[in-house]
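Take a look at the structures below.
Heads up, the next two complexes both have chain A, just with different partners, chain B and then chain C.
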Partner chain A sequence: MKTLAELSAIRERMKNKVALREGESNYRIVVGMATCGIAAGARPVMNALLEEITAKGLEGQVHVSQTGCIGLCQYEPIFEVFHGDEKTTYVKMTPEKAKEVIEAHILNGKVLTDYTIGEL
Partner chain B sequence: MKELSLNILDIVQNSVRANADIIEITIHEQGPLLTLTVKDNGHGMKQDFLAGVLDPFTTTRTTRKVGLGLPLLKMAAEQTGGSLSIVSKHEQEHEDHGTTLCARFYTDNIDCPPLGDIVSTIVLLIQGAPFSPRYIYRHHKDGKESYLDTDDLHEQLGADIPLSEPEVLAFVREYLTDMEGAL
Partner chain C sequence: MIRSHVLICGGTGCSASGSVNIRTSLENEIANAGLTQEIKVVQTGCFGLCELGPIMIVYPEGTFYSRVTVEDVPEIVSEHLLKGRVVRRLVYNETLQEGTDEVKSLSETSFYKKQKRIALRNCGVIDPENIEEYIGVDGYQALGKVLTEMTPDQVIQTVLDSGLRGRGGGGFPTGLKWKFASGNRGNVQKYVCCNADEGDPGAFMDRSILEGDPHTVLEAMAIAGYAIGANEGYIYVRAEYPIAIHRLEVAIKQAHEYGLLGDNIFGTGFNFDIKLRLGAGAFVCGEETALMTSIEGNRGEPRPRPPFPAVKGLFGKPTILNNVETYANITQIILNGPQWFASMGTEKSKGTKVFALGGKIKHTGLVEVPMGTTLREVVEEIGGGIPNGKKFKAAQTGGPSGGCIPASLIDTPIDYDNLVAIGSMMGSGGLIVMDEDTCMVDIARFFLDFTVDESCGKCTPCRIGTKRLLEILDKIIAGKGELSDLDEMEELAKYIKSASLCGLGQTAPNPVLSTLNRFRDEYIAHVVDKKCPAGVCKSLLHYEIIADKCKGCTLCARKCPVAAISGSVKEAHTIDVSKCIKCGVCISNCKFGAIVKK
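Let's look at the complex of A and B:
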């Protein structure tokens, strides 16, 4: 069984890291998590994004957050990737596709046009 | 919704939108009866809004005119022979304002969805709330309890580390998985 006391070790490790990270995120990913998104499978997509970001050590470069209904319920699960002034909208996501997006878009800067809203 | 935990992830966001700073999520399982209670100290609802809140055409969002969160939860509960009730006190009328929602499910009914991945639901609620609101989660089953209070997490971590840090979330996931597994 894990105990909450183990968090103090995390605290020590993170102290310096968090300060460094502030204002450093290059990418922002926003996942639609309203009723429509959740019913369509946004939760596993969100889990996959967080897992992949940790696995690839991208914590400092990507900030993931949740939002409500984006207004395109029929294309959920949706997430938007913000980078500078650019916004890319990925639609009908699955955990597998989400991991591909992290690899191609976030790691290599290549937009996966097959999965973007423009393709529909 | 395929799992009750997805309904929970959905409706708790109503409490967040109501500016609650404490949200208590309690799941109580006794025999075939599963009771879900979500209690917040948000701004509450006035009686006329509350009267229509289970109507799919009532919503606070602006992108469209339907809101299915509560109707879907109500349907899920009633399909099992259970029920949904909401009590709310608006901040303009009551000092102890907030909303309490209670949904009852009969888990021995074939139409009862499984609770599902409640750990992911709690982790994602915390992910969306790096500092506030405070979540208190309790899951009672046959005399055993799984329990998490985000204030305890902040206490261990210090005030400056957001709970949305991936390393913290990974810990919470493991911690909760252990406790849920022991139920």
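Let's look at the complex of A and C:
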């Protein structure tokens, strides 16, 4: 490395990764991963979320974590999107739907009401 | 995408309590669970709460697991990492909240709340063996800034304006030190040295910085090199710090690979290289002239000053020598400006100070607080107070060169000048807390015994004077002291302080003087009443069985290793004081509280 620009490039690349440890992010997605969730296919949904976040370059802005049973086992796989004080609950998710949520909700700020719990 | 980072402390404390095996086991379990692609295990430096080690933190939740064992790892992986359920029994109880799995942030706990982490900012946050993580938290930006935007004189002025003083003990203004060595740049060979020969008993802040954030020291040394016009640096580190040495070696190698050390850094024509020198663990080598003599390959002995190192230092060339913690503040001063740094602390002591809390305190560990924080806040709030309901008696700062602060001065704001005014000193930052069971004469003897061992022997006042002082203390502890001994010690101490060659001898009598000054009544109890009020000095104690309470169970007689207790079954026993070795086995075994120490 011979220039400051190269140093800054490494910093930008690493900053998002280390930012995970500050516990602060724009969006937080929590996937229900109790037995009911896993049986209904939460794992592929989670994988799809992680892949799509990487693909869209959103690492560092979105944290993905898991939780136990949300209490609505018949609607699993479920994930909740937290943004500030807002909470949006997406139900009966599939990997394809999960990717749509990332695209529409996280990237463009548009809640996909067709998939939220309010529509059921 | 990596969705979760599991940080494991890889400092000396947690490594000793098993964090290395935990890391291996964790990596295996994560692989078995098929989570390798989404969870990253990061080994970091010290978090500070060494008492609770081995420590593990899971992000982004920020769950703080304490006292983790290898057996706990499968549960953490299958419950927390796979299913997102916090393993409550392992969570640091101060961060637990009733009825929810959400944990409180660590910064809200009493241990961290009052801390302000500057020198320790990256310890427990980044992987010290990965230079890119350091760059990700603004690493090497300060070096880039000084090389491309600032003149060497501006760098020195910035450090001067910040008010930073040496964190190794003396408290000399760092900027001034740099200024003295800055003349005739480019025409003479100069050196930048780092004192990592941390020798005070109980002090481990420099080790933790080297283990947790080695690059910050390298970067600051390069900045210092630019400021004074030096292109070579030496880090003198104790051979007893294997983890710190390993991480420094890795860091120096990586910095070379990234072109952040070596020739023509950032294409500015500035060259800087750093070499490691291992010390064999002689306390005197923490003294600047002895340290440089040792780097030169000679026996570690001090030499008279002047000439000061800024004029004639390592290999006879102008040299600056700063301590690890001092360097750890430099990059932040450059990036945030001197006013930012000067806004913290007291009038003459700016910024923060790291303390190694030890002794009779609940949260043994490493804390960093703004200068001017009171001893009470450090001991009672951050340190969690004294365990077992005992009373605070004194705090020892400054190691073998320092003194004891009695309970009556617990509200003193800690800074360089206040500590000197009350007869102690900042030192490198060891803070040993003592409760009512501590004998101050014994403490003075402990530190003096240390300096007698560590005196290099070059000058007579230190070599012989400290030995004589120790002999008087031994006499007092053995119950053979006289009142005149106290005055004699004070007189002798005065001569040792004024006539010794280096800082070791000049400060060696301080523990005796400060305890004599603050706890003279304890000395008097030892020499006049032949009693040790704290019940520590064995020669002044005897054990007795209270006949009324003794049930004659014979347990003590059977446990006594020297058969000093006699008596028949169901009759009161007695102790033969001429045989008793005062080991205390009888007291700890008696079920009726019938044995007392007087």
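FYI, the second predicted complex is superposed on the first by the 97 of 120 C-alpha atoms of A that agree within 3 Å, B and C clash if a C-alpha of one lies under 4 Å from a C-alpha of the other, contacts with A are read in each partner's own complex, and residues count from 1 in each chain.
Definition applied: a residue touches a chain if its C-beta (ideal position, glycine included) is under 8 Å from a C-beta of that chain, and two chains touch if they have at least 3 such contacts.
Model, not experiment: these values are computed from the prediction.
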Partner chain in contact with A:28 - chain B first, chain C second, else both or neither: second
First, second, both or neither for A:71, with chain B first and chain C second: first
Chain B versus chain C as contact partner of A:50, first or second or both or neither: both
Chain B versus chain C as contact partner of A:39, first or second or both or neither: first
Partner chain(s) touched by A:7 [first = chain B, second = chain C, both, neither]: both
Which of chain B and chain C A:111 touches, first, second, both or neither: neither
On chain A, positions contacted by chain B and by chain C: 1-2, 4, 7, 10-11, 13-15, 18, 33-34, 38, 50, 53-54, 59, 64-66, 68
Chain C-facing residues of chain A, complex: 1-4, 7, 10-11, 13-15, 17-18, 20-21, 23, 25, 28, 30-31, 33-34, 38, 50-51, 53-54, 59, 63-68
Chain C residues within the chain A interface of the complex: 1-5, 7, 37-38, 59-62, 82-85, 101, 105, 125-126, 132-133, 135-141, 144, 148, 258-260, 264, 266-267
Parts of chain B lying in touch with chain A, wherever the complex brings them together: 1, 6, 9-10, 13, 61, 63-64, 67-69, 72, 117, 120-121, 123-124, 127-128, 152-153, 156-158, 160-162, 165-171, 174-175, 178-179, 182
Chain B-touching residues of chain A, taken from the complex the two chains share: 1-2, 4-8, 10-11, 13-15, 18, 33-36, 38-39, 43-44, 46-47, 50, 53-54, 59, 64-66, 68-71, 73
